[in-house]
């Protein structure tokens, strides 16, 4: 089941550089692990911003909550979620 | 080059049924043709709405304008556009 | 799987009375049938408005889209959807 | 008498971990006590967020104010309230 | 129990004058009857607008919904509701 | 002359408790003095919030500014003001 | 007593030209008469819009409501009102 | 050439009193000097707020930017600007 | 003197095609004449919309109002205006 | 390919003066270098604000992201991006 998630990162500019680097490093590892598992289907940067557009593929709402709330950057992000489903005009077999 | 496009359809409820059906039929044919050409990469319905989330893959801004403004439902849609690019944490080769 | 749905009805005041009555009658029958099936778990009026707060219990996003987009009042409603899941502090067994 | 309450928690990310844990622990105990008393009827997490949707069942507006303003997380929450009443299409006997 | 209600009237300027006059006449009679019953405690015009600020005194949310939704101008009004209660700094005995 | 004033208090949660108590104590004394003078006609808590709805009765705009800007909590409040006047449907003699 | 009033005119583009001309002619005569009386102190066009910024000088809120609600264009305008008073840094004697 | 400028001051409540006093003193001197030069034509307080409405009379956009950005309170203000011009219904000779 | 103007066209979809074509034709001629005169310096389409971003070069606010309010599409456009001036970091001689 | 970028700087007023000066100096050098390369085509100050309107000319979305995210002031700016393309009414050859 697919969800559209938009995340905007708002790290305070005066956060110590090594703290920021450590959080971002964990975020990257986490994001790549979820991509390898097939749960984080798409991940794009919105050009000219510190935001991303993501498509998650999860079992249910509870798994979405679990994955998103464990993002290392979660406390510094504004997040909006939209549930997705198959569009009647799509030609793809698998809705990905 | 990818663009994130969100479209919300606002057809007046008192539009004659055959007129609405004719416009929607042309919209579907147009959307499927662009998908076959690879220009309309993803098309999802936002559940519980008359909106879709789409990913377009175009040569440049001008082609995006050309494709979107020729949508048969264009005069009845609210549309927002976001340019996308590769995210530093993606593991996909082709940014799709 | 639960979804929180808020619906606000915006019928044009000059709609003929019998047309409005017919649509509302079908809406009521539809809402009651979904409640009997257990899919429309809760339905409350927001006091002082023509809005309701509803909790749907569906298989997945696709079923939510199917149920909501078939509401007889769908073309005249503003609708917002929020996916729900179990709260860590709840004491209920079944999240209802 | 029912009220729909949406709460969004905004704890500063740099709050000391034990202080945050202590506040959340009191919040949980308080929420569970009110649920046992039947005053906090429903409590759901909004998936992908640090928000909840709650239904309170109180004597009057004054009791609502008393219960909400004593939430341990109250100083760190954005809260919106909507009064609810029986919907004419509901099939439940007790409006819960 | 008190509620703060703000109502903004949006009659279409091309409504026939006698139809508008008839609706407003019924609205006035209804408002004055509720004031005489003590249910519509206060009624002020917001200067420079076609809005009013009202304080209702009702048994519960259901009565508020009943009174407001039967306003003759209800289909042409934007309405917002806030539940009120006694303020800890008030010196009045009866919260009116 | 009446004004509708809505005030929302936003004290930082980490303000020392005695400082907050001292400011609130002065606020309460100030509010009660203005009520006794008849200048602060009504004062209600909005249930479920740290906001109030107030009706001021002043000589002119300048007195409103004087009274409001001297509130001890003024630096921590978001305030909105609406001028009021007699409503053509009111049945009260004194517009209070 | 001064009030800041911003008015934005929204005449439907398909209003018959002579009807629009007749309303605007009455609006102009009304505005000029109030200026001659000293009640409409300032009247500026916001460049690039169909809006104006006005300063009214009235006895009280009730007179403001009387003057504004009798504007011939009142049914087609969005209007916002702000009460003004003397600024502590002004050097003018008469606050005009 | 006239511009409408609305300024809202947002000084942090915990700024040391003498620092705030020093900034405000410079702001007042600056505002009065510009008024004497005829460049700051009108200056009103919005009653019940820490905002002002100002009318500037400048040579061009560049002078407006120069005057506004040198306000001692500039770093703590939210500012909105609207270009003004003569209104076709004004009866004043000099648009002031 | 430069102004940034953003225009969004909102023609009703049911406007007769020849009426729409006639208005757009006049709009195009008008826009091209102003460009030839050097008053409409830049004109870009916002991709994926029926909006444009324009830079006007005018004598003063009054000329801006004159040019914009005479746009054939003016009654069907939402327009926002921002005054521009030289940026301290620009390397261009003429601010164009 | 052109993009319209609006940037609003929000430096904290209590940032040490030399730190602010150093960041702004780097920003200026960076902006001027990109202008010399032809990538930052236009740069205007919005009068009465700490905002600019810029036109970038880049190869694709990825280059836009690269240029914008490397702005020395990036962590302190609110930025909005709009893709631009040739307008059918322009008379310029090169869309600049």
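Each chain carries a letter (A, B, C, D, E, F, G, H, I and J) given by its place in the written order, and its residues are counted from 1.
Methods note: contacts are C-beta pairs under 8 Å (C-beta built on N, C-alpha and C of every residue); 3 or more make two chains touch, one makes a residue touch a chain.
As the structure is a computational prediction, the values presented were derived from the model and not from experiment.
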Key: Duplicate of the E-F contact set - from A-B, H-I or G-I, the pair where over half of the pairs recur   = A-B
Homomeric contact chain H-chain I: same or different residue positions, threshold half = same
Query = Pick the pair with more C-beta contacts: G-I or A-B?
reply = A-B
Note = So the chain most remote from chain B by C-alpha centre is F
Chain centre separation in whole Å, for chain F relative to chain D (CA means) = 27
Remark   = chain E to chain H, mean C-alpha position gap in Å, rounds to 39
Key: Centroid spacing, where centroids are CA-atom means, of chain B and chain F in whole angstrom   = 50
Message = Residues of chain C that contact two or more other chains, please.
response = 2-3, 45, 47-48, 61-62, 64-65, 81-86
Inquiry  = If I apply the definition of touch given earlier, which pairs of chains qualify?
reply    = A-B, A-C, A-D, A-J, B-C, B-I, B-J, C-D, C-E, D-E, D-F, E-F, E-G, F-G, F-H, G-H, G-I, H-I, H-J, I-J
Query = If you look only at chain J, which of its residues touch chain I in the complex?
reply = 2, 4, 27-28, 31-32, 35-36, 42-48, 52-53, 82-92, 95-96
Key: Parts of chain I lying in touch with chain B, wherever the complex brings them together   = 11, 13, 45, 47-50
Inquiry  = Which residues of chain E touch chain D once you look at their complex with the stated criterion?
reply    = 1-3, 60-62, 64-65, 81-86
Query = Hey, which residues of chain I end up touching chain G in the complex?
reply = 3, 5, 61-62, 64-65, 68-69, 75-76, 79, 81
